[in-house]
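Look for subunit A in each of the two complexes below; its partner is subunit B in the first and subunit C in the second.
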Partner chain A sequence: MKVTVKEQFLISPYLAFFIVHSMQIGVGVMGFQRYVATYTEQDSWLTVMMGGAAVHLVIWMMYKMLNKEQGDILSIHETAYGKWIGRLLTILFIIYLIAMGITVLRTFLEVLQVWMFTLMKTWVFTFVYLIAAYHIIAGGFRSVVGVCFLGVVVPFYLNFTFLAPLEFSNVRNLFPILDHSIKDFIVAMKPMTLSYLGFETLLVFYPFFKKPETSQKWFHYGNLFTVVLYFYLMLITLVYYTPDHLRRTIWATISMWKIIRFPFVERFEYIGLATWTIVILPNICLAFWAASRMAKRMFNVTQKKSLIFILVFAMIVSPMFDDRTSIEKLNMMVSQFGFYFNFGYIPLLFFFHYFMSKVRNKA
Partner chain B sequence: MKKFIITILVICIVGYFGRIDKEILDDLDIVTAVGYDYKGKRKIEATVVSPIINPDKSISNKTISSVGKMSKEALYFLNQKSPNPVVNGKIEVALFSEKLAKTRGVQNYIDYVHRDPSIGTRLILAVVDGNVKKMLGESFKDFDSGTYIQKQIDQNTKNGFIPTNNLHLFLSAYYTEGADPILPIIELRGKKINIKGLAFFKGSKMVDSIPYRSMFAFKSIYENIENAGYTLKTKDKGKTEYVSIQGIRTTKVYRVKNEQTTPEITLRLGIKGFLREYTGDKVNQELIDKSEKIMAKKVEKDAEALIRRFQKKGIDPLAWGEQTRSRTRHWDQKKWDQQYKNLKINVEVDVSIFEIGIVDGSPF
Partner chain C sequence: MNWFKKSSKKEEHTLPQVLEYLKKSGDFLDFQNPQSPTPYWISYFRSLVDAEIIHRDILPYLNKTTIKKIEELKAALPIENVMVTSDLETIRQMMLSGCVLIRLNEKDQQGVLVKAEMNKVREISIPEEEFSVVGPKESFVESITTNLNLIRKRLPVPELEIREFKLGKLSKTRVAVIYISGIANEENINTALQRVGEIEIHQILDSSYVSQLISDNDNSPFPQLIDTERPDRVAGVLSEGSIVILVDGSPHALIGPTTLVKFFSALEDYFLNWQLASVLRILRLIAVSFSILITPIYVAVLNYHYELIPKDLMATLISSRDFVPLPPFLEALVLELTIELLREAGARLPTKVGQTIGIVGGIVIGTASVEAGLTSNVMLIIVALAALASFTTPVYKMSNAIRLIRFPFLVLAELWGMIGISIAFIFLMGHLLRLTSFGRPYLEPIYPPRLEDLKDAFVRLPFKTQPKRPVQLQSQDTVKFSEKAAKEKKDIDE
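What follows is the complex of A and B.
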């Protein structure tokens, strides 16, 4: 079932690069290292690449389905399962998207509360941030993509700051190379792939590309760029921290900034974290945009109304998570769902959809 | 109109509820050093220093001390005693009295500086022989005591014999199985800070120390020296003469044999430097060859003595464990711990003096 979008709302295919990269880099990158290094220690750089390869495969599957359907996840579901079951499953996907947006916002706020403003009230920041998000999303998909572009370009300078820890790093930490069993790598793949989540929003915005098929190339490039960035960060983390030290460091990426000292600024984290506000903006905007877009497609409401509903919901829910344990739990739940959705459900759907579209074509 | 009202409303709400405490630089006690003294079995005394800039532009110290059971408790009492809020963002050094490091260990205090996100990991740690409170209370003209101590240790790390040291490196060595942390020992002598030696830790407790004269040998096998000086004693025509070698740089190559069974480690140490001063009468090739040999022998002897000493004490500040671990598949820490005391570790030193300054032969 083809979904058509008016010409003036379409975007160029190359923007897929920025969308996928900005969506994957969010709050996970602040501390993904220790979850992976628990299993594969000094070989974790290889896990990063293996995880990236798995994501490439899933992206390829998504494009295969979408190219055939020329639509979004709702049309895939309807082809595969029929109208009612298809809609039910899509509702689950919407809930996941909303939860993803809330998780990113709440986790980032936790970091701010720990590192900078201990006494900052949760709801005030959420309120301000969601007003900004509303303003962007109400401008339509094109303005969301604009934010994605800025979310990649503006904070790019941060990548150079991670060279500072090399002064106190030890290359011997990387040896012996490949000292873990294949089983370790497979176990470590799970926490690794969690850091790549976010690309599944493709299932919603696919029809917004001009000549959607041509965007696949850029989408893969975007993911590749994320892999390179994670690889770079992981390598520096591994030479800077010894495994036992890393295991105790909750936000390894941000903790690396603690070694930086400029004559004009004593604590670099303050600059870095302030910049990070722009890094997570595309995450939140795109997640809520995608959720409201799917709601519009299914329930016959305007996107603005569903958006306001979602934002109010987020506003009420996010202050409810008020300590480390509950935020950690929320993160675990959302990423678990995301993991099984992307790496369990999508391949299943891929085969089922392939089969069903053959059947329906014959009928 | 509706939009306007909403905007005003939002600004009011955020402006009222979004406030956090303002911190004006002049109204804060910005701590530059923190020190801990041993005060009885269950009590410690914490001292913090913050600089005061006087109207005549000189800087003096303001120290506050308080006694408590834990590091955090003592620091909490400090806030109570100070008219301004005490902030941690600029702490440069953390000092521990030798008695505290030996009896109780530094773990609690390390945990405090590690856990606080506002304290940088470039923080310098040191052990103080004597009273920490007295040292921090001393005034050092141009700087407050925290900055002064940090500058002196930093200078001695770059151009002297103190091994590179900061909170991050301490933590890495502390958490890793194959290495143990080290810290410099300083003392107050007269009105100046004196570098006294090095303290060695097993876990968080100080178990051994070496004097200043052994520090060159230690630093040369611990890391690559980039700039240091060394004085040699030689005999010339029956008289004792001294050779000063400056601008010393070192390089190291490790070789580990039989890492799966009983490891045997060989360290090849290359020392490069130039001759700057000689008390005898002629600087020639013969003297250079002689000095090179004497220095190589001396460093080798000192280094091996240090290594034996650490093995006997069961500490591993030179990270031999890490050297072996990174060369061994499926490294077994328990086995290593048993083997360490009887491990064969050889040091081979090669000295080359490559310049003699701008005077050839004898000045007379």
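What follows is the complex of A and C.
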């Protein structure tokens, strides 16, 4: 079932690069190193690359399905399972998207509450942030993509700040190379791929590209860029922290900022975190946009109404997660779901969709 | 209330009645000329008509011969703008725009209209708001005819098209939409013509009326059309494919569609060599970001993030704030408001007084408030620098917008420190992303990213590297000049 979008709302295919990259970089980057290094220690840089390769494969599968369907996840589901089951599964996907947006916002806010403002009220910040998000999403997909683009370009300077720890690092931390079993790598793949999540929104915005097939190349490049960035971060983390130290550091990336020193600025993490407010904006905007878009496609409501509903829901739910354990639980839940969705469900759907479209074509 | 309308209509049945009605104004003249062989009647508004034209070009010719028929009267006059008519509405309109009506008898229904309008215009002077050291020194004046002449002189091509509108129920202002057909995008032209044509207002005093009435989002503090007083700038953008709107009575032309970065390009950038121009442009952009951010950052740092500042620098800041009783936010707010006051007072007062007030106010109030211990001198330096930096914007209306958006930044910085500044930035970013000018994205070439247009945005690369018109304007004819000839390269010693 083809989904058509009016010409003036379409975007150029090369913007796929920025969308996927900005979606993948979120709150995960601040502390993904520890989770991966628990299993593969000094070889974690390889895990980063392996995880990236797995994501490439899933992206390829998604594009195969979408190219055939010229639509979004709803049309894929309807081809694969028929109308009712297809819709039911899509509702699950919507809930996942909403949860993703809430998780990113809440987790970031927790970081802020730990590092900067201990007494900051959750609901006030959430409220202001969501108003900004509403303003942007109401501008349509084009302005959401604009935020994705600027969310990559504006904070780009941060990438250079990670060079500072090299002054105090030791290359010998990386040796011995390849000292882990394949089983270790496979186990470490799971926390790694969690950091790559976010690209599944492709299943919603695919019809918004001009000549959508051509965007695949850029989508892969975008993912590749994320891999390079994670690799770079992981490498610096590994040479800077000793394995023991890393195990005790929750937010390794932020902690690295602490040692940057200019004649006029110290404690760079304050500036880093302030910039990070812009980095997580694409995550939240695109997730809520995608959720409201799917709601519009399914329930025959205007996207404005569904968006307001979702934002109000997010506004009510976020302050309910008020301590470390509940936030951790939320994170685990969402990332588990995302993991099984992307690396378990999508391959299954891929084969199922392949057969069903064959069957339906014959019929 | 119908009878009211009817009674006013009644007067327009015959020409004498119309004249009778016009006579109610003190400056309307209607008399018979007794000296001439033919005793004709002449009537006009004294305040609209150039007496010299009447005495030099009309009366002498009429006094020479006897005239029996109205056609003979027309033939007798050596002026080309002569019209014989009996249409009352035309007669009224034309007389109100400076025509002389000549009749043979007092009760005639027909008359000759001769154009003799008084054209008192200001001399073309040098641009004041957009002054440049290098380059042409002409600027627009209030008369639209002179302004059109200034543009046509620079673009002597038949493709330069001018569409005129008469807008304003009372003011009947001439508004001209100018573009080069074949270069400007059809869609843009139609948008401009449609929006200007649909204007419903009683009076247009200046081009900024039009600008406010046709801009895409009138709730935005950002101007969405550039206004310029330089004919050379207008000629430049016309040849790139922009659309220009001129309004009679206003020395400012409007340019659209435009983008945010274009507001920070001065025309002088094109007169200097490209390296210097690029550096100046970057300097201006840095100045603007500095002007918006520096006070909020100061407030944020002193309120929440004093760890950010190294020990030695912190000592300087602390000692300067030692005796200041106000919190940084109030201190900043008071000083910002003082500067705004000085600026506003300087703008309202006559030039010479304004300058004095600026200097006296700036120096005396500044020094005194530091000495009195009300503000710290670091704060004073920061606020003054920020004000100075905001003046580097070449377009006045943009510098006003920057003046305004500083305050939300300041308030959010007080609330949440650096995070607050980020939040304000997000709002600004979202707003700019959604803004359009004649339906074209305002933030271009940043978003949507267009490499071709980046050559003339933050920097200005040499003319040779820009053989194409900006993508933003979606010009019909994208090629400015042949790329091949420009790029011809020679090997060593050839």
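Going forward, the second predicted complex is superposed on the first by the 363 of 363 C-alpha atoms of A that agree within 3 Å, B and C clash if a C-alpha of one lies under 4 Å from a C-alpha of the other, contacts with A are read in each partner's own complex, and residues count from 1 in each chain.
Just so we're on the same page, a residue touches a chain if its C-beta (ideal position, glycine included) is under 8 Å from a C-beta of that chain, and two chains touch if they have at least 3 such contacts.
Owing to the predicted nature of the structure, the values given are computational and were not obtained by experimental measurement.
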Legend entry - Touched partner set for A:Phe175, first subunit B, second subunit C, both or neither: first
Inset, instruction - Examine A:Phe149 and indicate which partner it touches, taking first as subunit B and second as subunit C; both and neither are also allowed. - result: second
Inset, instruction - For A:Lys121, decide between first (touching subunit B), second (touching subunit C), both and neither. - result: first
Legend entry - Partner chain(s) touched by A:Arg267 [first = subunit B, second = subunit C, both, neither]: both
Inset, instruction - Applying the touch criterion given at the start, work out whether A:Trp60 contacts subunit B, subunit C, both or neither, answering first, second, both or neither. - result: neither
Inset, instruction - Mind working out whether A:Thr242 is in touch with subunit B, subunit C, both or neither, as first, second, both or neither? - result: first
Inset, instruction - Check whether A:His135 is in contact with subunit B, with subunit C, with both or with neither, and answer first, second, both or neither. - result: second
Inset, instruction - Could you say whether A:Tyr340 touches subunit B, subunit C, both of them, or neither, answering first, second, both or neither? - result: neither
Legend entry - Overlapping contact positions on subunit A, where the subunit C interface meets the subunit B interface: 117, 120, 125, 128, 261, 266-267
Legend entry - subunit C-facing residues of subunit A, complex: 11-12, 15, 112, 116-117, 120, 125, 128-129, 132, 135-136, 139, 142-143, 146-147, 149-150, 153-154, 261-267, 270-271, 273-275, 277-278, 281
Legend entry - Residues of subunit B defined as touching subunit A within the complex: 10, 13-14, 17-18, 20-21, 89-90, 117-122, 164, 166, 168-169, 171-172, 175-177, 322-323, 326-331
Legend entry - List of subunit C residues in touch with subunit A within their complex: 304-305, 307-310, 313, 416-419, 421-423, 425-427, 429-431, 433-434, 443, 446-449
Inset, instruction - Within their complex, state which residues of subunit A touch subunit B. - result: 114-115, 117, 119-121, 123-125, 127-128, 131, 168, 170, 172-176, 179, 240-245, 248, 255, 258-259, 261, 266-267, 269
